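The following block contains the structure, expressed as structure tokens.
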Amino acid sequence: MPLPQQFHDIAERVNNWGRWGPEDEIGTLNLITDETVRAAAACVRTGRRFQLALPLCQDGVQTGVVPGRVNPLHTMVALNLEMFGPDTVATSDDVVTMGLQAATHWDGLAHVSHSGRLYNGRPADSVTAHEGARFSGVEKATRVLSRGVLLDTARAAGVERLPGDKAVGPEELSAAEELAGTRVRAGDIVLVRTGQIQVLLAGDKHGYAHPSPGLSVRAPEWFHARDVAAVANDTLTFEIFPPEMDDLWMPVHALHLVEMGMLQGQNWNLEELALACADDGVYEFLLAANPEPFTGGSGSPVAPVAVK
Amino acid sequence: MPLPQQFHDIAERVNNWGRWGPEDEIGTLNLITDETVRAAAACVRTGRRFQLALPLCQDGVQTGVVPGRVNPLHTMVALNLEMFGPDTVATSDDVVTMGLQAATHWDGLAHVSHSGRLYNGRPADSVTAHEGARFSGVEKATRVLSRGVLLDTARAAGVERLPGDKAVGPEELSAAEELAGTRVRAGDIVLVRTGQIQVLLAGDKHGYAHPSPGLSVRAPEWFHARDVAAVANDTLTFEIFPPEMDDLWMPVHALHLVEMGMLQGQNWNLEELALACADDGVYEFLLAANPEPFTGGSGSPVAPVAVK
Amino acid sequence: MPLPQQFHDIAERVNNWGRWGPEDEIGTLNLITDETVRAAAACVRTGRRFQLALPLCQDGVQTGVVPGRVNPLHTMVALNLEMFGPDTVATSDDVVTMGLQAATHWDGLAHVSHSGRLYNGRPADSVTAHEGARFSGVEKATRVLSRGVLLDTARAAGVERLPGDKAVGPEELSAAEELAGTRVRAGDIVLVRTGQIQVLLAGDKHGYAHPSPGLSVRAPEWFHARDVAAVANDTLTFEIFPPEMDDLWMPVHALHLVEMGMLQGQNWNLEELALACADDGVYEFLLAANPEPFTGGSGSPVAPVAVK
Amino acid sequence: MPLPQQFHDIAERVNNWGRWGPEDEIGTLNLITDETVRAAAACVRTGRRFQLALPLCQDGVQTGVVPGRVNPLHTMVALNLEMFGPDTVATSDDVVTMGLQAATHWDGLAHVSHSGRLYNGRPADSVTAHEGARFSGVEKATRVLSRGVLLDTARAAGVERLPGDKAVGPEELSAAEELAGTRVRAGDIVLVRTGQIQVLLAGDKHGYAHPSPGLSVRAPEWFHARDVAAVANDTLTFEIFPPEMDDLWMPVHALHLVEMGMLQGQNWNLEELALACADDGVYEFLLAANPEPFTGGSGSPVAPVAVK
């Protein structure tokens, strides 16, 4: 079943192809300017830092639903090995096998295609088994550090966490922006909190996965209007799941990654940060969230740090 | 052959065991205070950002010398897969297998032991095959962001890069500190540039590996005196290789990781940053360099960003 | 809690240490002589062949209970890649990550130790992270081909499959031997059918794992008396699970692998073979079941073929 | 550059598409009948067994030339782990990551396509990243056991090993068949010895890879005339490398795998077997060489056993 007209209408309104030239491979990261970064640094008032990543371990968030997206398997290849003789310095060394999108991660622009196209009109089949993504591989998304703004849609709605059937659209984003007390600007990285990760932290992986609140198909226009650089949240699927429309799966992925060329992040643990923001009423911060530069990667784990 | 007395003498002088309590697992990261972080933010003057990580790919820096420390093997598990039917949104997904210390990385504190002990006196055999590091695993090293200072020992010596037999000790560090025009302080992350990575960038992996300039066994006392939080450089082995003394291999690893409890980083590409520092004469910056939180990991890839 | 006296008593009676010299690393495989193999070939009457391995795939028998024993993750590293130009011969290539004992496999002798010892008195700590098993690694177990005898304990008991609390001991083995109509001899490989794998084939992985019938702690003496070369069955844990005695876990593993030095196999699909044996009343056959020679491996996948 | 006419002419003469029906996925393995297997068993005269596989280890035959075809990385996930309490039975467990065609292996039929087609006319794009080979995956190639015949082309030529520029064609195969003293028959598995693996065993991986003797583009017709079930040899590339014609790479792969639907094996160590055959003048034997059933696999490691 082809994508519905509603999707194409939105796609047209948020499309960024050609905006930074025909060769561009990083999309909205272009919006992070030196000035943006100076403003991000100016957000550091207390110096308090927050870790936003989940631990990377075999007992991770994946349940096997996405074939091949395996939780990190961490194994030791050396254990206190005295390479240079007995009673010398000994080393331990390890190896990991993991899906690049298994835990707290960025979706790279090449993660999704539709109608045979990737961001900026590149052909979908330029992603290959032997090279990965020739265009817009996650290794092109460098130096990801900007002003972060927390949009706590759960708190704005007066709940601990949004219900599983709640689609976060322009109204919810604007309400959370108002709560934040700062207008989202060009080049910002927006963190949308739904509270859904509480389900995971309570030990229920399947309940975390679904049903899950998440972004609505109407959200991308809001982000596009403000020209944000990237968006992340605290859910597994990023957008509401099951989807809003029966015949339209993963529309937000397609709008953000393909049309806008915008990184999106999942499984970010925003709980501690949200408490601190609620406490002092300041919802902006410096955010360092650089992906690992996997050549040709469709995504990457990331260990973001927010600094208030 | 047991470790020589000279080693034990230095070890005693730099030892931090118990300094942050008997349960501490993060060592000198304790030195990064909120105040340090505010000072780091204040270093952002232009907003210009620098990527310090090498790309993660099969053609990486490892040559097979360290068994099991394999270069990243990146494979696709889905290619434009239309999970929800024909002509819908399609996804690509990937998996990686890699040594955690294969490319630009942090050595975690559990990477090295000597005399049966890890940092803070933990037993070396607390690192196991099934759990990895029970104490001081790299997932404990969170929120690594501080003031960075570049000590460009090559430039201070008036050369493009240090020769392969050059051990960087207190004299070289102090000379570079003078060039930097800022005194290294408690909680700083120090980046020591030797220029050796130019050999790698020119395509010679084996020449990069060895012979290689690097830190001298006399360097840890210098770092200890200034109470730095972490040190990274632009070489494969971090310390000079082959070593200064025939009967003492990897002493700097043992002093930093075991005695001091200090993260150390390798294979950091400091070339572009160094040019910029030389250009404007400012060698301090905000440095975001958070490891991926692999539970029980002896190390982690890192994608550092410096902001001037 | 130390191993009970009952275990040590049996261990003494079945122990093979030193029997084939102090350097021996293959144990009861020594019992497969040229004469045994000639007898195996003489069992081929119809030429009909049977595949005894389960498919190796992500959706395998492992459920995550044994940490690290991951189901096979199969990924493509090339897809119809025309390495030598357009319109030439194209190649596809793949990579797998898997636990060596994830599916149909042999336990190697180094898979288990007790009281600090492996088979033939080797120290348990000779198995290391960087080398694997220095002694009795599965690569030493070469040329595994012999006469196979099916002991269908389910059919001998007149049931489709044994109940989950049934321990297969000497009485059950002797009854199945009588049904087989051939006496088990030195050098034979014995396949013990319980029918438990029907639960797996019906789609219930957890029910397959547990509760499960399997070999009793009293079975090893029976195998030792007949000097068999190896034993395999159609269960996940090989021995009855949960175990017969609360304070004695995995005793059969310890007796077979450590004391006797005997390979044991798990997750073998014996259903089709058993039907054919029941049909013609002949329970002996040629069995080719050579493990993959992983250097230092504690086990190996195997794709056995029985020929009647 | 499209495939030359000469290739298409041969392809037409050896093509087996449709021969075993439009749904067939195993090609010439259909030629192994019960009668063939009985004849194979009758070849067992002494009961002496030969291991034909190289060990599977990190220091394997791959040199990085084929991207992603990595040597086996074997790591321990448990080391003498006492899961059930102190002083109990302890287990060691391991994981491997490897290219399925890294060492001694079978090429599966889906390993190669040409002109957009796989064996039996299946579309090449039926091999996908998420499923692997939908048709003719190596898991379909079950119960591979037949009569083996050694064609020792080196000995027939009176040399220790063939020179690197020697293409083995019909003349060489017929001469070796005459030396063997048995006519190759339908359903046989032919092992072609060139002696090239001596270079590897002497420690020269690069010299082993190239230049290498191997099968000529003219060999497939010889195999087709005799209707053999499969062919393996003792080289890395199977066919002569560099190839006989500048504009035709891997033609033997395309003829065997795509046109004939015939498994082909590489890196088989035939040295010990060849000595024994030369010694007693008998070049036929029972050959058990069943691949591991990787679902969707383009190939598989194999640990063949020959029994004379």
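Chains: A, B, C and D, in written order; residue numbering restarts at 1 for each.
As a working rule, contacts are C-beta pairs under 8 Å (C-beta built on N, C-alpha and C of every residue); 3 or more make two chains touch, one makes a residue touch a chain.
By chain, UniProt protein names: A, B, C, D = Cyclase.
Because the structure is predicted, anything quoted here is derived from the model rather than measured.
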| item | value |
| --- | --- |
| Set of chains whose contacts include both subunit B and subunit A | C, D |
| Subunit C against subunit A, contact positions shared by both copies (same if over half, else different) | same |
| Separation of subunit A from subunit D, taking each centre as the mean of its C-alpha atoms, in whole Å | 46 |
| Residues within subunit A bordering two or more other chains | 67-68, 70, 73, 75-79, 92-93, 95, 97, 128-130 |
| Overall pattern in which the protein chains touch one another (line/ring/star/complete/other) | complete |
| Residue numbers on subunit D that touch subunit C, as the complex places them | 1-3, 33-38, 40-42, 44-51, 53-57, 66-70, 72, 74-80, 83-101, 110-115, 124-125, 127-129, 132-133, 139, 142-145, 249-251, 253-254, 286, 288, 290-299, 301, 303-305, 307 |
| In the complex with subunit A, residue positions of subunit D that touch it | 67-68, 73, 75-77, 79, 95, 97, 129-130 |
